[in-house]
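In what comes next, chain A is part of two complexes: it sits with chain B in the first one and with chain C in the second one.
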Partner chain A sequence: MSLLTINNLSVQFETAGATVPVLDRIDFEVAAGDHIALIGESGCGKTVLGMSVMRLLPPNARITGAIRYAGSDLLQVAEREMQQIRGRGIALISQNSVSSLNPVVRIGDQIAESLSLHTQYRGDDLRHEVIRLLAELGIEQPEESVQKFPHQFSGGMRERILVAMALACNPDIIIADEPTTGLDALVKVQILRLLKKAMQGRTLLLITHDLGTAFTLASRTAVMYAGEILECGPTSEVFSHPRHPYTQGLLASSPSAGFHPIPGLSPAPGQVPSGCRFCPRCSCAMDTCRSLHPHLKETGRGRRVRCFRYD
Partner chain B sequence: MIDGQYLLRRIGYSGAAFFVCVTITFFILHLMPGDYITNYLLSLSNTLPKEAVEQFYQQYGLDRPLPEQYMIYILNILQGNWGYSYQYGLPVFPMIMEKLSWSLVILLPATVTGILIGTVLGAWSGWKSGGKKDLALFNIMIVFRAIPEFWWAIMAVWIFAFYLQWFPLGGFTSISVLTSGMDPWDVLYHAILPIGLMASFIAAGNYYVMRNSMIAVIGEDYITTARAKGLDERAVLWRHALKNALLPMATMTTFQIAGIIMGNVFIETVFSWPGIGLLTTEALSIRDLPLLEGIFLLDALMTIGAMLTADILASYLDPRIRMGGHD
Partner chain C sequence: MIELCSVSKYYTSGFFKQKQTYAVRDVSFSIRKGDTLGLVGESGSGKSTIGRMALRLTEPSAGRIVFDGIDLLAQKKPALREIRPRMQIVFQDPDTALDPRFPIGESVAEPLAVWHRAFRHEREDRVAALFEMVGLQPELAGRRPFELSGGQKQRAAIARAIALEPEFLVLDEPTAALDLSVQAQILSLIQVLKKRMNLTILFISHNLAVVERMSDSLAVLHKGVLVESGRTAEVLEHPQDLFTRQLVDAANGSYPFFRNRIISVNE
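Entry: the complex of A and B
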């Protein structure tokens, strides 16, 4: 039973004089308990996908398609209803732990805010719940910490606070957008461990360019490129037997695999090739790849690939 | 938060800065070409008896070497003696206070309402940035602020005082003051036009700063975080955006309030308002040095005080700023 179903989702940004497509007909399902990673280079549209689900894209974004959650289409519901869903149904762990916390609001208040919005906690109960959440996420001296401001915490601690904020109302789905950016290696490992524990029994949509993060946290992985999904399947399968040339290139470019970069650059939004979007950089491109646009096809064992080589 | 020791050190530096200001002012004023005799009594200076001129120089100590004059000046101001005006023969301090109080009548309400209106409009415009209403207001403010204040003052007098005759042409009171004494309502009636004009002008200035500050804030990640929690737009604005957007305003506002003391030369000139700005230009043109020194001394005092206040205020408003540096 899928919790979140994305159908034919396209997003375009209207800029001065031009309409720039960022996401192109994305189909995608998140089942309850799934941990799904969306991986890809910056600019491939993965963050936009996450923000479309939260419906927090800037006003110049034109969204079409459907995002089904809890019996309704999130793209159609009223803003009031959407506010009820944000934080409670679908919560976000934002990208940057330094800038995602309000510098002039005490962190206790920032966490309490979503609790008082979506739950019955008030007064002392609310305070205790905030302290409990902080303690659960490994913040030292939680009683004192609620009085502190974000700048008084280290990067790792701020990340924990962001996770606490997202978990506060026990949401159905958690969208984590690059949860480990800007953290040093040791802290990153701690946060990944913490997230892995915290996400047990929950549903996670992880957005990352970091293959290690995806491998650690996600049971399923979708690889995105230039606004579309090129390959998806169980994480272990995708990582051990990548099918799409792009996924193969991505894995080969990681430092542990010898750091062999994919030649060329990913196309700028709005300037994608008409055939296969990856074909100008692909080492095994055929004539068909240049003229026709491949579809995402089932290739068995829960895997799908957008490549003519698997026809 | 403020560290007591740091604050003391800061006050010490402020004292030093004040001393430097007073010194520079003294020498610049004394090095200006011309003096009271040649500038004001120009027509008389050739015919004045030599003895009279010498007596004037002697009386005010102007015949002594400049360093000696400077020492006397410093010792005097430390004892609270700001000297006597050449022109009026009156002690400088009470004179300044009298003119200042008239300046405050128009500048204080104008500055306070200007700041409030500018901040509110700027916050609203920045929050709605890119919208039709925002752009309309923004363009109006640009045009308004791009044309000098005195031009608007002249237009205001021409339209509202001369043509429509809603307000007096200038001055601070009617001629009836001679017979029936000063009437606060009459003063208010004279003050409305300059106050309104200045308030609008100050509002336009603060509008920009607040609008830009708000636009910068609504692009911040913590605003997205706030929305992602499910807060409605009103709560995002009041609880998250406004507090941050107001931070740069605090410093600006402190200086504007302190700047009231300098009066407003343009407005006071156009509306013939007997304030400190008008006094300054007059004193400058006739080289009334003691009076000028007194005015600039007060300006320096207020500006330095404003800097100190702004720093203390910022450390209370923004938890990231800690006076003293060490955490």
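Entry: the complex of A and C
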């Protein structure tokens, strides 16, 4: 039973000069209890995808398609209804803990905000719930910490606070956008452990460029490139037997694999090639790849690949 | 080629400057000609301070730095100026390292002009040659940094750093701001240049997996103190210090799919 279904989702940004397509006909489902990672490099559209689900894109975004959640299409519901869903139905662990926390509000009050909007907790109960959340996420001296401001915490602790805020109202789906970016190696391991534990029994949509984070947290992985999904399947399969040449290149690029680079650059949004979008950088490109655009095809064992080599 | 002998950097504060806060304490290491030393540590451990001190861009509070037999700290300004072109640095963030007002071609040509290494009419050819060395298309020379991708900017920063054919290069987190596939491109470029120019490199990074591939020897920094150093493979296989061990475990934990298994890239 799928909890969240994304159908034919396209996003374009209207800028002064032109309309720039960022996401192109994305289709995927998130089942209850699933941990799905969207991996890809900067500019591939993974954050825009997360933000469209939260409906937090700027007003110049043109969104088409459907995002079905709890019987309604999130792109059609009224803003008032969306406010009920944000935080309670779908919560976001946003990118960059420095800019996503309000620097002049005590962290206790920031966590309490969504609790007081969506739950019955008030007064002392509310305070205790916030303290309980902080303690659960490994923040030392939670009673004192609620009085502190974001700048008084380290990067790892701020990340924990963001996780606490997302978990506060016990949402159905958690979208985590780059939760480990900018953290030191040892802190990153702690946060990964914490997230792994916190996400047990929950549904996670993880957005990351870090292969290690995806491998650790996600049971399924979708690889994005230039606004499309190129490959998806069970994480262990995608990582051990990557099928799409881009996934293979990405894995071979990582330092532990010997950083064999993929030649060329990701296309800028709006300047994607007409055939297969990866074709100019692909070592196994054929004539078909240059002229036709491949579809995402089932290749068995729950895997889908957008490549003519698997026709 | 370069040697640091118990180099420290502290900042003073308080009444009569009695309070000393150490950023780097008693750090010693040396790099042989043509070798790469990887310096790893967490943010705030003093990696960048050491990199800057090795070039005397930051004045050490104590210690000795010897570059090719020359005591760097004993040099007066004019003498230091003569040594400067032999040592260069590439910073983490190419956005702040390149002047946003200059087309990158001019940024790369600037050291040549300052050091009178090429006549004006030759400069263009030299810049074109440097662009080719770092894999930048010549037509990008007229672009300003904001018109380029992160990888292209970092290539330009590297071109500028190697313009004077230095012997010693400090690379301060050169790929931290880049995507995985671009990081791989820049790292292999650095290895090609290292061989071609017989560069001695101080490679600063927080990423153990990157350093493992890039460096002959390794120094691990923790809170301003060098906790372990040695040949890269040795340190990684038999880490002695607790902090190094934790780092190695963290790196293994982050990329378990690469350990003990060769990934099949072509099914």
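Everything below uses one rule, namely that the second predicted complex is superposed on the first by the 311 of 311 C-alpha atoms of A that agree within 3 Å, B and C clash if a C-alpha of one lies under 4 Å from a C-alpha of the other, contacts with A are read in each partner's own complex, and residues count from 1 in each chain.
As a working rule, a contact is a pair of C-beta atoms (placed from the backbone, for glycine too) under 8 Å apart; a residue touches a chain by one contact, two chains touch by 3 or more.
Nothing here was measured: the structure is a model prediction, and the numbers come from that model.
S.K.: In the overlay, answer first, second, both or neither for which of chain B and chain C A:Phe149 touches.
M.R.: Only chain B is touched by A:Phe149; chain C is not.
S.K.: Who touches more of chain A, chain B or chain C?
M.R.: Comparing chain B with chain C, the partner touching more chain A residues is C.
S.K.: State whether A:Gly71 touches chain B only (first), chain C only (second), both chains, or neither.
M.R.: neither
S.K.: Scan A:Gly17 for contacts with chain B and chain C and give back first, second, both or neither.
M.R.: A:Gly17: touches no partner chain.
S.K.: According to the stated criteria, A:Ala91 is in contact with first (chain B), second (chain C), both, or neither; which is it?
M.R.: It touches chain B, and chain C stays clear.
S.K.: Contacts for A:Gly300 in the overlay, against chain B (first) and chain C (second): which applies, first, second, both or neither?
M.R.: Neither chain B nor chain C is touched by A:Gly300.
S.K.: Both chain B and chain C touch chain A; at which residues?
M.R.: none
S.K.: Going by the contact rule at the top, pick out the chain C residues touching chain A in the complex.
M.R.: Against chain A, the touching part of chain C is residues 42-43, 149-152, 179-185, 187-188, 206-210, 212-213, 246-247, 249-251, 253-259, 261, 263-267.
S.K.: So in the complex, which bits of chain A are touching chain B?
M.R.: Per the touch definition, chain A meets chain B at residues 54, 56, 59, 80, 83-88, 91-92, 94-96, 99-105, 113-114, 117-118, 149, 151, 162, 165.
S.K.: Quick check: in the complex, which residue numbers of chain B touch chain A?
M.R.: Within the complex, chain B contacts chain A at residues 130, 220-222, 224-232, 239-240, 243-244, 247, 317-320.
S.K.: Considering only the defined contacts, which chain A positions touch chain C in the complex?
M.R.: 41-42, 184-189, 192, 209-213, 215-216, 236, 239-243, 248-263, 265-266
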